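Next come two complexes, and both contain chain A; in the first it sits with chain B, in the second with chain C.
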Partner chain A sequence: MSHATVQLDHVWKKFRRGQLHDSLRDLIPAVAKKLIGRGPKADELQQGDFWALHDVSFEVKAGEALGIIGRNGAGKSTILKVLTRILRPTRGRVQLTGRVGSLIEVSAGFHPDLTGRENVMLQGSIMGMRPAEIVRKFDEIVGFSGIAEFIDTPVKRYSSGMNARLGFSIAAHLDPEVLIIDEVLAVGDLAFQQRAFGRIAEMVRRDIPVVIVSHQLERVASLCTRAILMEHGRAIYDGGVTDTITMYVQRASQQDTETLAAASDCPVRIGSLNVTTGNNYESGTTASYEIRVETLTPVRQEIEPLQVAVRDMQSGTLVFITSASGLGVDIRQPGARTLNGTLQLNLPPGTYLLETQVTDNYNHRAIAVGPEAVLNVVPGRHFRGQVQLNAELALAPAGDGVRLDAAG
Partner chain B sequence: MTQPAAPIPVPGPLLPPAEPAVPPGETPSILRDLRDVGRDLWGARDLLLQLTRRDVTIRYKQAVMGFGWALFMPLMTLVASVLIRALVQTASGKGMGPANIIGMAVKSLPWAFFVGSLGFATPSLIANSNLVTKIYFPREVLPLSAVLAQCFDTGLGIIAFTLALPFLGFHPTWALLWVPLLLALLLLFTAGVCLFLSCANLFFRDVKYIVQIFLTFGIFFTPVLFEPSMLGQRLSRIIWINPLTPLLEGLRLAIAEGHNLAEPLRQVTAAGVTVVLWTPASLWYSGVWAVAGSLIAAVIFHRAAHVFAEYA
Partner chain C sequence: MKTPAEAAARWRRWRHGWDVVVILVDRDLKALYKRSILGIGWAVAAPLLQLLVFSLVFHRVLAVQVDNYTSFAFCGLLVWSWFQSALSQSTGLITSSQALVRQPGFPLALLPFVTVGVRFIHYAIALPILFVFMAVQGIRPGIAWLALPVVAAVQFVLTTGLAYPLAALNVRLRDTQHVVFVVLQLLMFLTPIFYSVESVPAKYRPWFDLNPMTVLLDAWRGVLLHNHWPAAGPLTLLGLIAVLLVWVGERLFVSQSYRFVDEL
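On to the complex of A and B.
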């Protein structure tokens, strides 16, 4: 049993935009003050500073896996750096006891001129393994990486995938009491990714505290029990992993709309989206919807006047995208129109968001975001997997049976 | 600037995690810092060894000279000393014996060690910035592993030198017992300088160029190619300010001259002037530099280490 704890207690971290100290004239007084412990406003914002972490508190107990999600620059990695002692918080306390295994930059210590074997020893030591332990686990590590035949080749001749695989394998054989993972879920080719994911899942289930930062929401969803949503350095939501991801996806699309409202030179206005068949569907059944669109000025060829998409709220990924042009409906000339559409929801059970938008085909960016609707898909005919293929299976009429061993 | 919305009372100095809580109000103490440095380094001894091994391995991999590197720099220094000495002694009309060569070789090795250590250790934090910004470990191991790698080189040089000694007409004396102390002080002093310079180079990237310039001209202010007494009474005093001077001269006197360093040594020149070749106090002078310097450097490094990831 592990009694390791991970705790952030009102942690603030100050960062500076641009250069830290421009010259000796700035630095010497600053360092001198720091050294005598009398930096008068060391924990307050000066000009050009901002809070990379703004009063963040959480605790992760043994057996709990906490996901941290949010946009780039929201402070996710800063949390991990504060946790792993790479950065010291400006205010607040960090408590982390027990041997930490960080799956962060798993091949950072590799030296290109050293062989794989030498690098395993080096990287293992950097990650805090004892030499005897590395030697004991060496075969296992190399076996897991699947690059045994190149282990005595200098790492500079490795492909980037091999590099990452070896690094991950070392980290995966740490025996941590606290596990910290940052975006190493996509390592190597597909086969290795699955092996790595399985290994992480195995480590997560060891009844130790786990903290995971990732943009792969479906991975977070399947590994974590709880998640925190970070926005501009603040933890704005802390709850069950599905709730937090839903919150993140909703806020992300809201923010898009807010930024788009300013640029209102859009030729098309999507007035309303009305799902006429309700919100709840059995997997494999069809939803009907009605969209009112007004085309204000003739739409240029590179603009798609109406895009319809379905987003998986659990993972945040778009599972289906189509468009008026793609479906053969021309709404490029000015006029107000009503469109009727259907979607066959061949989807696994879950919550989905039906989204509408006007898109620039050139860069696949939204020019304007229209209304959205929630679609709940509940289990229909039983299946597992990612797509409902409306499978049929029946017994053939009696008497047609052919003995298999007699077939040839 | 105004206080942000929810001010959090800060309990005393902010310590890295995984350390016992500090009672509020306790000021950072130098003794505690030193204890932390010691504990961190002991905990990271395996890493220190692995990094040293890495530094040694890559220095000899894919290199023209291979292990010849260990001897190249000291040998070049020795050749230069012999040349200069030959010049001086031809001018003054005196010959040069094997004992002189021992004296010069004895000083070229530690000087090569000092130069090599500074050269590799000063940029060590920047060269490993991918580690410094990504993974936590006691940062002291980076400059110190550069010094240890240099120890390996110098060790090879010492072995080669020892093997050559019998051919130079060397007779062992009890004064050799001073050598371990002198080498330990040299190591300590070098480690302190390296800790300080690697830290400084992280904040100001041109420190390594300044160091190179200092080392290039440092050989004129360090008695490597000459002996302080050659400069005469007044100028030699300046040379003795250099903390390396007592260490280098001590090594020369103990090994080449068999002089017991607890005793002062004077020489009366042909002109009847008494020249001081050695005073025991100068060893204390270097000792204070080595011990105090390395401790101060360790404290500075330790206190600055928590911002390394932000500057690297």
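On to the complex of A and C.
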């Protein structure tokens, strides 16, 4: 039985778009204003500010696994950062007690010049294990990660997948009283993902309160007992996991464009995404959709005004990405437009999310995320594997048959 | 009154803090000298090279007159290097430890101790060379050496106390590290490392005595080179100021640490 508490009590968090003052020249006037009492109050919105969290409250009890779902920029990760005290809420109270196992940026603390072995000691200790405990669990940790043969190699020679696997393995052997997970199930190969998933499911069964942020709706559905849907920093729905996911799916296509925190402004508004051929498809058939886009100001070359992508909801990975520019459609000049598109769903059966966003070509990051739609792919002609290749196979006309042993 | 559960939690926090400091010191020492032939030998080689150049300039060219000049200068140089390297490194501590800043629950306030500790180890490694110089110049250990841990502790705490506000400020204003660099360079010449504070003209002397490193150097040299107990008054005062600095600095640092992720 765990005595941990996980609680957010009317939490608000203010973010600012773009940069804070970076040099003395900007800072001095700001400080001076604050000193003479004319400065802005810390907990009110100024120009360029927005609420990344807007009055969010919840409590997770022992034996409960809470999933937090929502689009990019809806405030999911901010909840975790506030919960783990990396960020302080602008208003409200946060309670988190007990030994916290957090699967967030699990390999970020690795030192590139040190070996895997040295980093296990380092990271394990940072996460709260005693040195003797790490030594005791060392073989188990390395075995779980599946990278035993590289354990004495400096971490800088690891692939990002190996990094993530080792990081996850350390965190997974922490024996936490509270577990906080951010999208880590999307690392490593399928076998490792299954192992990681099993490990988390086991912790949930041990009555540990768990908070999971994920794009992998199917994973959330199978791990969580309850889920919260985030939209624009607000928790708009809190209930049973199936209900919340249904709600998310229904609302996804009606969402307005949301500019993300790091970008100061966005030249394009993606108004709506309508899949005109419904939600259910046989593998290999074609979905048609309509997107309304409004370009507000001329779009610079380094920005892609419309990216369309398909995300596999089980693995959380993007299986297909394309863009207006890539498909030869120029929407860089101001104006309101309607676009018609199709996608041939040569995909194995599963649930997929059709996502729209405005992207910075430079680092492939989203500047703003637009509406989304869910596509269910059901089995069509039989196949197994990752891609539907529209295989054809037929019998040759009678009489042309040649006996194999008679050939040559 | 604290409940037993709270006391146990506090004890676990302290123990975890100690574990983390030890492992991070170990990491820094290992990482610093990976792929280096001389390795930790640089802790000895660097001050020796400095000693060579500076003693040439001050002792031979400017003809500074002090007994046992080599021991005198090397003692000053080592103590100063510890202070200077620890302070300049801890100023950039947060900006260069972004991964740790984002680690949930990581006790950031321990980082200055790690840096000052790593630099102390460098100092301790170079000390035997000083003992060799002293032996050659006929200086023997005495009973006053028992005061060495106290002097080292005062310098340790003082450096950490200065490190907290500087590290926090540098997150907001990167100018800090440049200012610290310049100030430390200038302060090196205003601290009696290669000359004796006795040779400073009387009208400037009070200003020199305000420099905490003057007080510390005086204590180190008194104990090591002359077997004198350190003057209790200035050292106690400095010790109190240092503790106060850590106390205030740590609080300031922790209250600011919520902003670090926002601003990095």
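Structural remarks
To be clear about the criterion, the second predicted complex is superposed on the first by the 237 of 408 C-alpha atoms of A that agree within 3 Å, B and C clash if a C-alpha of one lies under 4 Å from a C-alpha of the other, contacts with A are read in each partner's own complex, and residues count from 1 in each chain.
Operating definition for what follows: contacts are C-beta pairs under 8 Å (C-beta built on N, C-alpha and C of every residue); 3 or more make two chains touch, one makes a residue touch a chain.
Just so we're clear, the structure is a prediction, and the values are computed from it rather than from any experiment.
With chain A as the common reference for superposition, the partners chain B and chain C occupy clashing space. When the shared chain is aligned, chain B and chain C each come close enough to touch A:81. In the superposed pair of complexes, A:387 makes contact with neither chain B nor chain C. Look at A:131: by the touch rule set out above, it reaches both chain B and chain C.
Contact with chain C, but none with chain B, is seen for A:180 once the two complexes are overlaid on the shared chain. Of the two partner chains placed by superposition, only chain B is touched by A:91; chain C is not.
Once chain A of one complex is fitted onto chain A of the other, the partner contacts of A:10 are limited to chain B, with no touch recorded for chain C. For chain A, the partner that touches more of its residues is B, with chain B and chain C as the two candidates. In the superposed model, A:201 makes contact with neither chain B nor chain C. When the two complexes are overlaid on their common chain A, residue A:51 makes contact with chain B while staying clear of chain C. Chain A residues 20, 24, 27, 81, 84-88, 102, 104-105, 108-109, 111, 113-114, 118, 121-122, 125-128, 130-131 lie at the interface with chain B in one structure and with chain C in the other. In the complex of the two chains, the chain A residues touching chain B come out as 10, 12, 15, 20-21, 24, 27, 31, 34-35, 37, 41, 43-47, 51, 54-55, 81, 83-97, 102, 104-105, 108-109, 111, 113-114, 118, 121-122, 125-128, 130-131.
Residues of chain A that touch chain C in their complex: 20, 22-24, 27, 81, 84-88, 100, 102, 104-105, 108-111, 113-114, 118, 121-122, 125-128, 130-131, 154, 180. The part of chain B that touches chain A in the complex is made up of residues 1, 3-4, 6, 8, 10-11, 13-14, 16-18, 27-28, 46-47, 49-51, 53-54, 57-58, 61-62, 130-131, 133-137, 203-204, 300, 303-304, 306-307, 309-311. Against chain A, in their complex, chain C makes its touches with residues 15-16, 19-20, 23-24, 27, 30-31, 34-35, 99-106, 172-175, 258-259, 261-263.
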